[in-house]
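Provided herewith is a single structure, encoded as structure tokens, for subsequent inquiry.
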Amino acid sequence: MSEALAKKRKIQKYLGNVEVKIEHCKGCGFCVEFCPTGALELSKSFNKKGYHPPMLVDQNYCNGCDLCGLYCPDFAIFGFRVGPNPNFKKDEKAK
Amino acid sequence: MRISEIKIGGFGGQGVILTGMIIGKAAAIYDNKYSTMTQAFGPEARGSSCSAQVLISDEKILYPYVTKPDVLVVMSQDAASRFIPDMKQDAKAVLLYEKDLVNLEGIPYKATGYGIQATRFAEELGRTMVLNIVMVGFFTALAKLLSADAARAAVKDSVPRGTESLNLSAFDKGYEYGLSLLKA
Amino acid sequence: MKADPSGVLTGRHYFDGNHACCEGALAAGCRFAAGYPITPSTEVVERIAKRFPHLGGVFIQMEDEIASSIALQGAVWAGKKAMTVTSGPGLSLMMEHIGLAAITETPCVFVDVQRGGPSTGLPTLPGQADMMQARWGSHGDYELIALAPSSPQECFDYTVDAFNLAETYRVPVMMMMDECVGHMTERVDIPAAETIEVTPRRYTTKKKGEFKPFEPGENMVPDMAKAGDGLRFHVTGLTHDERGYPVINAQAQDKLIRRLVDKIRLQADRIVRYEEDAVENADVIVVSYGITYRVALRAIEMARAKGVKVGSHRLVVCWPFPEKRIRELAARGKPIVMAEMNLGQMYWELERCAAGKCKTALVSHAGGTVHNPEVIYNAIMEAVR
Amino acid sequence: MSEQTNHTEGEPRVNPVLPYLREDRMPHIWCPGCGIGTTVNCFARALTESELDLDKVSIVSGIGCTGRVAGYMNLDAFHTTHGRPVAFATGLKLANPDLKVVVYSGDGDLMAIGGNHFIHACRRNIDMTIVCVNNFLYGMTGGQASSTTPDPATTTTAPYGAFEHTFNLPFLADSCGAVYVARWTTYHVRQITKAMKEALAKKGLSFIEIISPCPTLYQRRNKLGDGLQAMEYYRDNSVVKSGADTREVEIKYQGEIICGKFVDRERATWLDCYNTRNAAAIGARYRPYPWRENGEGGVK
Amino acid sequence: MKADPSGVLTGRHYFDGNHACCEGALAAGCRFAAGYPITPSTEVVERIAKRFPHLGGVFIQMEDEIASSIALQGAVWAGKKAMTVTSGPGLSLMMEHIGLAAITETPCVFVDVQRGGPSTGLPTLPGQADMMQARWGSHGDYELIALAPSSPQECFDYTVDAFNLAETYRVPVMMMMDECVGHMTERVDIPAAETIEVTPRRYTTKKKGEFKPFEPGENMVPDMAKAGDGLRFHVTGLTHDERGYPVINAQAQDKLIRRLVDKIRLQADRIVRYEEDAVENADVIVVSYGITYRVALRAIEMARAKGVKVGSHRLVVCWPFPEKRIRELAARGKPIVMAEMNLGQMYWELERCAAGKCKTALVSHAGGTVHNPEVIYNAIMEAVR
Amino acid sequence: MSEQTNHTEGEPRVNPVLPYLREDRMPHIWCPGCGIGTTVNCFARALTESELDLDKVSIVSGIGCTGRVAGYMNLDAFHTTHGRPVAFATGLKLANPDLKVVVYSGDGDLMAIGGNHFIHACRRNIDMTIVCVNNFLYGMTGGQASSTTPDPATTTTAPYGAFEHTFNLPFLADSCGAVYVARWTTYHVRQITKAMKEALAKKGLSFIEIISPCPTLYQRRNKLGDGLQAMEYYRDNSVVKSGADTREVEIKYQGEIICGKFVDRERATWLDCYNTRNAAAIGARYRPYPWRENGEGGVK
Amino acid sequence: MRISEIKIGGFGGQGVILTGMIIGKAAAIYDNKYSTMTQAFGPEARGSSCSAQVLISDEKILYPYVTKPDVLVVMSQDAASRFIPDMKQDAKAVLLYEKDLVNLEGIPYKATGYGIQATRFAEELGRTMVLNIVMVGFFTALAKLLSADAARAAVKDSVPRGTESLNLSAFDKGYEYGLSLLKA
Amino acid sequence: MSEALAKKRKIQKYLGNVEVKIEHCKGCGFCVEFCPTGALELSKSFNKKGYHPPMLVDQNYCNGCDLCGLYCPDFAIFGFRVGPNPNFKKDEKAK
């Protein structure tokens, strides 16, 4: 999985972020798997019910599209856009 | 008529009910005693904590519910905090707990407590799932309500076919660890 | 007749009531079951679904309880012993067909694992509030038989009895279990097949032409027939004569319906079953049934420990109600306390039969868990005060 | 006039339908010009031609005018509850697969209150024949609308004219999986007979819709004359299109009536599936149901 | 509140009970009906189907009685007053939803025009054998109200009452008619709209957030809400708290179900209704209801002609049963005779409440026609012998 | 970790689904990886995009895991009896046609016990949206077979594998008259959202089937992994064929899942028919239901 | 309280129930008396004989059934043989019968009998269907329980719209024929 | 109707006959209308229930096909074959 995820990762034009309601997460992995930019990962730590909630790998990868939110069956995560990504151009050039 | 009251608490997926089932069956079928097992569903059907209650007696059991457990087995923090206060307040009572999942700090009790890293033992055997069988072994050693043979027999015919030897090893792990604590 | 050994799981088991009920049915010769899943009863048919293919039985999960409660009757008329299993909401849906079974005198068994009601109520928790429904839930006058087990062993035993009673009286028989009994695990001893008494269906020996499918025979009960045997009989839910033909008038109604009712009422002495303990010198008698009986026993123990002479009358057969016996007990003038997991159902029958001859008290409970024995104890102490 | 007249020569003879009837229940209750009796003739003839062992044929009805058919047939007969004959028949058939089971049901019985049992029986492909006498309303209870009453026929519960979309029964049966689907009117006595014969021979759920007059309630109330006029209407306005796409056989008020055999296909029955699956899962130990001790022997 | 004149057919009519029942519903403000045809009740909805399009009401003939009995409740929660109409077999199918109406406290009216049962029984002939079913036919504990008219005029009047009681107590109310009353034609005087008292639905005045749909208010009954008003409430057939949220435990069960039962039991004095004649000095009292009341009157007349002092107690409201009053009457020590067109249903309640204080006798009848008054007369004479 | 984390900048925000939920009932009872919650997100988004007055939207469910949806939505919500939400919704809608009525139902609720209400509602074309979460079995009661369980998946009541023919729900809805029929899986969150939006806008009975994982009972028992694996399966094995003939969209065990919008047509609703017919029969005196005093005014 | 008991018998299609209905309505609505009409279905719903029972009184009627008819109207042979024996055995009782359809030979009765060829009258008016209204007229003339105005009014508002004048003629036919018999 | 009936009438090769259970007949006319050879007619007289039962116009027209029986909803009539019709040839010649 993580390899496939890594492939998707690209610095995004817009900067997004997610909020996770950790205690509501049941660790199903939908958000991680279906984030179009591979921005999420299940964290190593447990919540109180013993599930691994997701976390952003790097904010640069998240464009705030909220697809994670649309997938999350537990209403435990959502994404939002913060603004243009200052790192975006640099990255493009680097490419 | 002396009835031994046993309660087992944990969360769904730990095999709490099966633990109760095996203990009850060992007593009822293989030790030729009477035993009753009842289960408590949480407020909702899925995903919440659960518990099993087992009574063991030499005579027919009428009232089938536990009032004050003589033996309490707890495999989650939640079960510990909910059930320990209801235990028999007596040093002869036995409290068995999953050491890694339960922290007894701040929970008062008079029973004699024994902890075991059942999950870790289970993991060592290669299957976290058998943690409850480790617990059955531990229980057999310390609660002194079942013969080891009966308990083994009950384990054997309660687990899925093909997993008998794994489960018997799990039982032995718990049983031996329990005996070792007694000796200590 | 003795049980067919192929269906009898002889030996000592550690079963919950639902599994035991299934085994009881198999031992009794049940070879057809129609059902629709509902908590807390489903394990019965789940086990049946597993067992039947090995026994030449058929289980079908129907589209709903209505279908189940009549597919069942089709199977009976094809010659099988049959049952269905449900809980309150499903039982409500079966009401029309309990009436059909009553008027067509179709021997069959309905298992109700009672949960908290009304409506969807408490799907996973116990109740005993379908007792009056079991007796009165279908329109029109009829009578049936209802049994209330209090342990897995009794779930086995009474299910065998239920099938036997159904055959003897040709009525629907209700197994009034509850979530506690259904989900409680205990030792269940299943005896050898040759020691299990099974009542065979009493088929007519008459030929087409002579045979009248609703002519009362032994026990006021007509002989049975089954489809495919050349008797070319007719069965209808309309009021009918002895030939089974519709007759739509008050005379036919009187003749048929009185017999249906009387075959239970007039033979109640043979059907009624209860267990008593120390009622003779009791200063107070506790009446109870099902799981509540076992809870009441704890309360009785507590009261006896205080020196109170407490008797126990436990209903095994709830319907017909042991009217005669209750009248006798009431005539002693000593109070009777009844505990049931509802807000008063069998209690009204108790009160009626007590007929003012003694004080009566109800220890009610809305359901969701068994009584706290203390509450029954308090009622006992209150009664003798 | 004496009871039996016009009988000028030859031996005393019996009406060929009589052996199929419970004579002691005649005359029946159906109204003058009601088509139900006509379908019974066809059924009797189909039974003769099928050469079935009549002792093994059961008929099951619900409640309604059509529901009375069971009670008049000299077969093992079950007059059950309104809407439930298919569910009863399911139990009957599965409990003894040696029985040939026929359900005779009205449009209300089968498709209003009984609709769920119908669609599930079709889906499961329970081996039975279902005959639906469609008279476009509830006869027995006095002429209320049913799910087949065409707009704008009036009924007692549709006093300003029925307005609901109607079910196209052959299409529904087809959609749910029936293996044999046909429609005829009571005018088509020979075709009904043939269809019934085919249906009886077919393994799986066969369905025959028969459009039938209810002169007392449907024709009269809608000023369509009597039973005879209905029959003439059927004669003049039926179009036989065997093999027609069932989507296209909907009935409109006083429109043309497309008749014919629409579906005739093979599909495993419920019991076939049951045995196949159990044999696959349980293996050689599994004894197919019903187990016959010695090949052709009886049900164990 | 007074009746909406548009629905009131003020004037003198010659109606049968079924038509009068329809007019009663319209006068009471019923504007939604769901039904499924069944003899001998169908005329009620047939008339509704004719009348509604002129009154802004909707009648829908559903696919069966189950659908009718819940479509009805959907309509109530959308703000309409609503009813359904059936007879025994249909009522049996409605049992699950009577429980739903009880637990969700949905005010609605079920009309049962009783015929001979059980099962299909006597479709065109009368019976009074659904009385216990009306009270006990759904699983679980609940209470409701049942009325029994004995004339077309009462079919009108009591139907208005039924709707009003449904609103006051938020329970399903059963109109227990019978084939005789339904098909008997008599003068029916429909008063002017402004003299017909109609109980409006008691909607909450609270806002979303404050409003708890199952918080008991006046008469232990919560205020209503309807869909579309922005209250965003939740209704469930599960055991629930005052917010209407499911709570699956014994405490919630006790709180909710006891209130549902108590709102009728504790307020029974206000709901119970009966008509008495000459009970004070009576040597025997005849208890009856529905059409049988009118038959009993003939028997009473006959007995009085022989000099016997006969009193009459006629149940108007059958459920709740007039327990207190019957206990008073029984306490007089004089015999009570009950006539009903069944093999003993309300009679068990009578016997229970009489509590041995007086002799009681049942004049039963299996149905299909009314009693022969002579038979009741004989029972009266027997009782005073 | 604190309750709300990873929230590094900007104002405190709310999950856009939250306003549609009864927060005081969260967390919900659904299992890890259960797809029902995902469909709720889509529904919430569809409601937003539809710009409906939420005070006028009612949701009706029966009993089942899916049936719990009504109870979690911050709408007027009715958690009725098992199998009957469509019948309840019919009463609700007809009694107040200004309401937008949505039924959320499981495959067992809708098509086993509730099948008759479903087919009749489709036939009548009652103006409502029905969402069916098809997880191939009865979740709430512990994993029994339903009329959609594909052969040979095992369930608790089909321990040797399900063997009955299954319903093809889009075809059935289509056959009975639904005006909008679509199928998607929980993988297709954007498409579900769009379908729901279209369905909400559609006059008449719209039906959306959503294939959804029940990891606890279906996937696990059949060794198909967890919820995520089911989602990946859907992603890899779904074939979008909008406009496909509904006859051809049957689902086989672990076969391809044909998704798309299959039906989108016009057909008068029950209420349209009611008004048209009454107006025709009664004439000018007839006031169409519901009568609005002044054009756009409220229901009288 | 004097109650007049009326019974009307015939077969389905003759309008027996409507006859009872009109008589009852005339009394209850237009003569301001009390009246009760009940109907008896045959053993089966369709095609068999049927009867209506009407009670008329100045006071409220309690028991609503006919025991011994004061007035019996019979329109079929079957009705005649079934109902005549139950009539009041009294010359004041009135027996009205359809002369062409009922043959009184061999049926003993004490009532005063009047026959009418109601069907023929109806045919003469062009509609066999109105035979029952002819009977209502005949009844009004001879039973002396209704005012002619009341009966006419009841006829008028009980028949289908558009057929009022036909039905009133039928009524008059029967009424006048009845009066003529009285004078004779 | 009778005109159409008359048109169908032809002397038949085989002689048939019908039996009518007069009291069971409800005079629906199905037999008359659908007799392929127009051999039947409703009689003028009534049975006890007031219906006009059918009767054979002329035995020569009846070939005993029993279609009347197949149509009769009251099981009140059936047809049967008696034998060859001696009148048949004559008729053919006449033609």
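Should a chain be cited, it is by its letter among A, B, C, D, E, F, G and H, assigned in written order, with residues numbered from 1 in that chain.
The working rule: contacts are C-beta pairs under 8 Å (C-beta built on N, C-alpha and C of every residue); 3 or more make two chains touch, one makes a residue touch a chain.
Quantities reported herein were computed from a predicted structural model and do not represent experimental measurements.
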By the touch criterion stated at the start, how many steps lie between chain E and chain H on the shortest route? 2
Would you say E-G or D-H is joined by more C-beta pairs in contact? D-H
With chain centres taken as the means of their Cα atoms, state the distance from chain C to chain H in Å. 61
For chain C paired with chain F, centre-to-centre distance based on mean C-alpha positions, whole Å: 40
What whole-Å value do you get for the distance between chain B and chain E if each is reduced to the mean of its CA atoms? 55
Contacts with two or more other chains, residues of chain E listed in rising order: 39, 53, 63-64, 66, 89, 96, 100, 119-120, 123-125, 236-238, 248-249
Touching at least two other chains at once: which residues of chain B meet that condition? 44-45
Multi-chain contacts in chain A: which residues touch at least two other chains? none
Report the residues of chain B in contact with chain C in the complex, numbered from low to high. 20-21, 24-25, 28-29, 34-39, 41, 45, 61-65
Seen from chain C, its contact residues with chain D in the complex are 31-32, 34, 53-54, 56, 58, 60, 62-64, 66-68, 70-80, 82, 96-97, 100, 226-238, 243, 245-246
Inside the complex, what are the residues of chain D that reach chain E? 63, 79, 81-83, 112-113, 115, 138, 140-142, 144-145, 147, 156-160
Which part of chain C faces chain B closely enough to touch in the complex? 12-14, 39, 123-125, 180, 183-187, 291, 294-295, 297-298, 301, 370, 373
Would you pull the chain C residues touching chain F in the complex into a rising list? 35-39, 42, 45-46, 49-50, 53, 59, 61, 63-65, 89, 119-120
